[in-house]
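Shared chain: chain A. Partners: chain B in the first complex, chain C in the second.
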Partner chain A sequence: MTKYIPTIGIECHVQLCTKTKLFSEVDNDARLKEPNSCVSPVDYGLPGMLPRLNQEAVKYAVRAGLALNSAINLESRFDRKHYYYPDLPKGYQITQMFHPIIGEGYVELPNGNKVRIEHAHLEEDAGKLSHESGYSLVDLNRAGTPLVEIVSMPDIHSASEARDYTKELWRLMTYAGVTYGDLYNGNMRFDVNISIAEEGSNELGTRTEVKNLNSFRSVERAVEYEVKRQSKLLEKGEKVIQETRGWSDATGETTGQRSKEVAADYRYMPEPDLAPIRLSSEEVEAEKQKLPKMPSWYRSKFHDVLGADLVEVLLDYPQLMSKLAELTSNNAAVKKIANLFSSVLLAEENTSLLNDELPTKEQLLALVEMNEKNELSSTGMKEVFLKFFDPEMHYKDTRTIAKELGVVQENDTEALEAIVDTVLAKPETQKAQEDFKAGQEKVLGFLVGQVMKESKGKANPSSVQEILRSKLS
Partner chain B sequence: MEVNQETIQHLAKLSNFALTDGETTRLVSDIKEIVGYISQLDELNTDGVEPTYQVFEMENVWRPDEILPQEADREQLLALTKETLNYQIKVPKVL
Partner chain C sequence: MKIANREQSAVELVREALAKAHEYQDEYHVFNWINDDAIRKAEEIDQRIAQGEEVGKLAGVPYALKDNFLSPEGESTASALILEGFNSPVTATAVKKLEAEGAIMIGRTNLDAFAHGSSTENSYYGPTKNSKDVERVAGGSSGGSAVAVALGIVPFALGTDTGGSIRQPASFNGVYGLKPTYGAISRYGVVAMASSTDCIGFFTHEAEDLDLLMGVVAGQDKNDQTTLPDFYRESTAKTVKKVGIIKDFDNEAVNSEIREALKRKIGTLKAQGYEIIELEMPALKYALAAYYIIVPAEVSSNLSRHDGVRYGYRSADASSLGELYENTRNEGFMPENKRRIMIGNFVLSSGFYDAYYLKAAKARTLIINEYAKAFEKCDVILTPVAPNPAFKLGEKINDPVAMYLEDVMSVPLNLAGVPGLTVPAGKTKSGLDLGLQLVGPRRSDRTLVEFAKVLEEVK
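Take a look at the complex of A and B:
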């Protein structure tokens, strides 16, 4: 069987989380808002309305570009892309066809491969359509939301790499703080171009474009499906048709979308209503300074302490990473807290806690310290950690919480010895003491258990064992 | 640039409106005249001249990212549309 190598390029639309839209002063956060409640005459494209550029969106675009290791084009312009569709009432989308703000860059995947960025540009989103039987409904809340469209070079060669790339983009954009990154609500949407060619061939095959994917998983599945579908066609001696295809998560298949009667003819022209953007290198530098710590920083910082696998898991949670970054002066603390994050917080039953405020640096450091001093067992540490999220407890300091839970281990040797003596004086432990002295090691466990019981679980078992050994020798 | 019945019909289709034959004919001659007038510029030698994007020499015309009250509200804007349903704009089925 012929082996086919896929070649994949991805376009990604990122909704920027500015307060207002790209060209009008209305609320850009339409989550949980009623349809058509975040709109202005500009979004309706009423005659005579002029777009008013949001400076913050320009800054966000610069930051997005820096996160993509891209050159920022100091001069950029807007253009009109004409198409007639009810999701954009003015009959054209304002975009940057000829002079985009973000130039060439690259994204480095966790496996070390680089995907080059061809360019990225600012544009406005269109409204949301819902299709009912016999009619369609239009909600213009999303019309005019600022987008950065990131166009990759065709540097991706497998479904899993396509997934890694989209996930890495999500991380870069959320860490840069330019988007809410809520995929469920369409904050990032992917169009994937896929072609296949025989291994070793210098020519690329005919490509298809699967549009509007909104999760990493659907990107991966859509690529897997398309590669299989195209391979089958070629094996049968048929041809792949260049077309746009839609994806269904439910069926796991792509389907050809009815080709429009009129071929795309966007009649791009310079947007006369908007002045060009000219940035100084100082302004770009200022944005660079504002850029928070990026995934690459966390990777190099935590690789040796936590290992690559744990770092990749935690990277999906920017808030956990920035919390760990507060602890960096103490590697042992980073390791213990990272393990608590992954074993406790990311456990199925606790994921809702991720929406809560995280414990403070002081609470976490005290927790680690109590554990290191044997005042808290690892189980006790987990219990206290969970109470950091308890609305009744979270404001209290670590020691107070541990005391209230009664999980502080008794390490005071004198106090422990007294408890041990009490236990050794009890008639029910006499036989075990004799057995131990006669060489039966395993009864020590029974005696330790008795002491733990006597101390109401607060004794540190390893200290108890030590004391017992010295007293019975 | 050739302007004929076909060009006008194509543009009408892209803009999603219907033209009668009479309207098409009239537009062919109007647009021919306009394009012809503009074409006089072709006589000029523009080698080495940067394209003009705009005639006002402005740049960085932008506004702060602040929500402001709008001069028309949701109901007024929806009232401009032909038909609505639950505050959405109802349009013929599109795909």
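Take a look at the complex of A and C:
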């Protein structure tokens, strides 16, 4: 059987989390709002309305570009892209066809491969239609939301790499703080271009475009499906048709939507209502200064302490990473807290806590310190950690919480010896003491347990073991 | 200041204007809508004056508004069926500024639908008649506004000029018509024709009134990012010494009475000691062609929003989304609108863009440079506005190219963004109005207005 190599390029639309829309001054955050309640006369496409460029969106776009290791074009322009659809009130979308704000760049995947960015541009989002039986409803809350569209070069050659690329884009954009990154609500959407060619061939096959994917998993599955589908066609001697295809998560299949040959002519023209965007290199530099720490920074910082796997897991949670970054002077603390994050916070039953405020640096450092001083067992540490998220407790300091929970361990040797003596004096431990002296190591566990019981769990088990050994030798 | 020289009460002024508006309406069809409620605003202003309150520079002055300006007063129809029933929630910046100074809108004037035309015959509501001869056109597209001033209904009217739509009807009706520098006045709230050439301007009886109006209305607007930083009030008029004339415009295609009017005016200026500079401006011959590519392109784009989905007219006869668009737009637009939409779509089509739009944009740059060169040699240019005086109704309506040729001397200014001012220049033997246009470099609006006052005195 012939082996086919896929070639994949991805376009990604990122909704920017600016306060207001790209060309009007209405609220850009339509979450939990009534349909058509965040719409200005400009977004509604009334006659005589003119776009008014939101400078915050320009700054966000610059920041997005810097996150993509891209050149920022100091002069960029807007163009109109025309098509008729009820989600597009003006009959054209204001975009940047000819002179985009973001130039060539690249995204480095966790495996070290680089995917080149062709360009990225600023544009406005369209509204949303919901189709009912016999009629359709239009919601223009999203119309005019600023988008950055990131266009990659066809540098991706497998489904898993396509997933990694989209995930890495998501990380870059959320770390840069330019989007809420809520995939479920369409904050980032992916159009994936896929073609296959025989291994060793210099020519690319005919590509199809799967539009509007909104999760990394569906990007991966859609690529897998398309590669299989296209391979089967070629095996049968048939041709792949250049077309746009839709994806269904439910069926796990792509289906043809419209053929590119009859695709709309968008009649691009320069937007005459807006002056070109002109930036100074000082303005770009200012944005560079504002750019938060990016995944690559965390990777190089934490790779040796935590290992690549744990770093990759935690990278999905920018807030956890930035919390760890607060602890960087203390590698042991980073390691312990990172483990708590992954074992406690990311455990399925606790993921809702991720929406809460994280513990303070002081709380976390105290937690680690108590553990290191044997004042908290690893179980105790977990218990205290969870209480950091308890609305009744979270404002208290670590020691207070540990005391209130009664999990501070007894490390005072004299006090421990007294407890051990009490236990050794009890008749029910006499047999075990004799057995131990006779060489039966395993009964030591029983004795330790008895001491722990007597101390109501506060004794440090390894200290207890030590005391028992010396007393019974 | 003649329009602010209040010898009558606001109520008297407005009542008189409304009476005239009604009196002339049947014969001339100046208005799409007459604002009888205007009288209430006049009463308010008189009360404020009586109470000693301060009122604006235009308090109680009635004016006429071209029906492509948005305001909640009356429907804003742009003389097109597709906007019938459209009550705007938004007020145009220009209207806001006038009203803030107390001006009172007494009616919305007729125009070629969406300002597409040079005669006001393309109005869905029928043509406006010329103020001197009702068998002739008012000119266009701001025909209603020009005639409203010419008939003495109002002392001033608002218009828009995309390729001559203020200057040509002003010359056809013997009034002043100013198309300011592109970007001098906010376009916010004015139904767009071609965004890169649309200008808001005025019709008046006196040149001096233009100065007052520019002082009120011009200026930067955050809602129109193509407006220039305020310059009018700060600028000083340059003393004109050298007047340019364009050799190429003195040809057989221009009506002889217009050429004579220009020669007379030049003679007078020479006698007054002005230097007359003959200019060669060969790039202007590309202007009409470039204009009728760039403008339809922008028109087709700007009119895309009229789809019957959100406001205005919607075809009753549609069973699918495609039909809703097709039927609404087919029924709602006038033939000239459709012609320009089709030309625009054609020149923007993929594969044609470079050959048409891009080439026209290059020609536009040549024209801009040509004006810059000309104004190194002279202070202002004096030319005819149009090749002919007001023509007969129906004479050119079926010959779009003949109609477009009417714009040959007015459109170059719009492509270059320079200001132009129509000044009355006597009458033809048969009594039709003649006008000439003064052209200056960008931001020379005040110079033009001041020089128009000089011409007024030397006539």
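Methods note: the second predicted complex is superposed on the first by the 467 of 473 C-alpha atoms of A that agree within 3 Å, B and C clash if a C-alpha of one lies under 4 Å from a C-alpha of the other, contacts with A are read in each partner's own complex, and residues count from 1 in each chain.
Rule of thumb we're sticking to: a residue touches a chain if its C-beta (ideal position, glycine included) is under 8 Å from a C-beta of that chain, and two chains touch if they have at least 3 such contacts.
Predicted, not measured: the structure shown is a model, and the values here were computed from it.
Enquirer: Which of the two partners, first being chain B and second being chain C, lies in contact with A:36: first, second, both, or neither?
Expert: first
Enquirer: Between chain B (first) and chain C (second), which, if any, makes contact with A:440: first, second, both or neither?
Expert: Touch status of A:440: no partner.
Enquirer: According to the stated criteria, A:50 is in contact with first (chain B), second (chain C), both, or neither; which is it?
Expert: A:50: touches chain C, not chain B.
Enquirer: According to the stated criteria, A:248 is in contact with first (chain B), second (chain C), both, or neither; which is it?
Expert: Touch status of A:248: no partner.
Enquirer: Scan A:278 for contacts with chain B and chain C and give back first, second, both or neither.
Expert: first
Enquirer: If you stack the two complexes on chain A, which partner ends up touching A:77: first (chain B), second (chain C), both, or neither?
Expert: It touches chain B, and chain C stays clear.
Enquirer: Return first, second, both or neither, reflecting whether A:86 touches chain B, chain C, both chains, or no partner chain.
Expert: both
Enquirer: For the three-chain arrangement built by superposition, which of chain B and chain C touches the greater number of chain A residues?
Expert: Partner touching more chain A residues in the overlay: B.
Enquirer: Just chain B (first), just chain C (second), both, or neither: which does A:137 touch?
Expert: In the superposition, A:137 contacts chain B only.
Enquirer: Touching A:462, do we find chain B (first), chain C (second), both, or neither?
Expert: Touch partners of A:462: none, neither chain B nor chain C.
Enquirer: Looking at chain A, which of its residues have contacts with both chain B and chain C?
Expert: In chain A, residues 41, 44, 46, 52-53, 82, 84, 86, 91, 136, 138, 265, 267, 272, 274-275 are touched by chain B and also by chain C.
Enquirer: Which stretch or stretches of chain B touch chain A in the complex?
Expert: 10, 13-16, 53-54, 56, 58-68, 70-72, 74, 77-78, 80, 85-95
Enquirer: For the complex, which residues does chain A have touching chain B?
Expert: 18-20, 24-27, 34-37, 39-41, 44, 46, 52-58, 77, 82-86, 91, 129-132, 134-140, 257-258, 261-262, 265, 267, 270, 272, 274-278
Enquirer: Taking the complex as given, what residues does chain A use to touch chain C?
Expert: Contacts found on chain A: 41, 44-53, 80, 82, 84, 86, 89-92, 136, 138, 265-269, 272-275.
Enquirer: Sort out for me which residues of chain C touch chain A in the complex.
Expert: 68-70, 76, 78, 83, 86, 88-90, 92, 187-192, 194-196, 222-226, 297-298, 300-301, 303-307, 309-311, 321, 325, 345, 348-350, 353, 357
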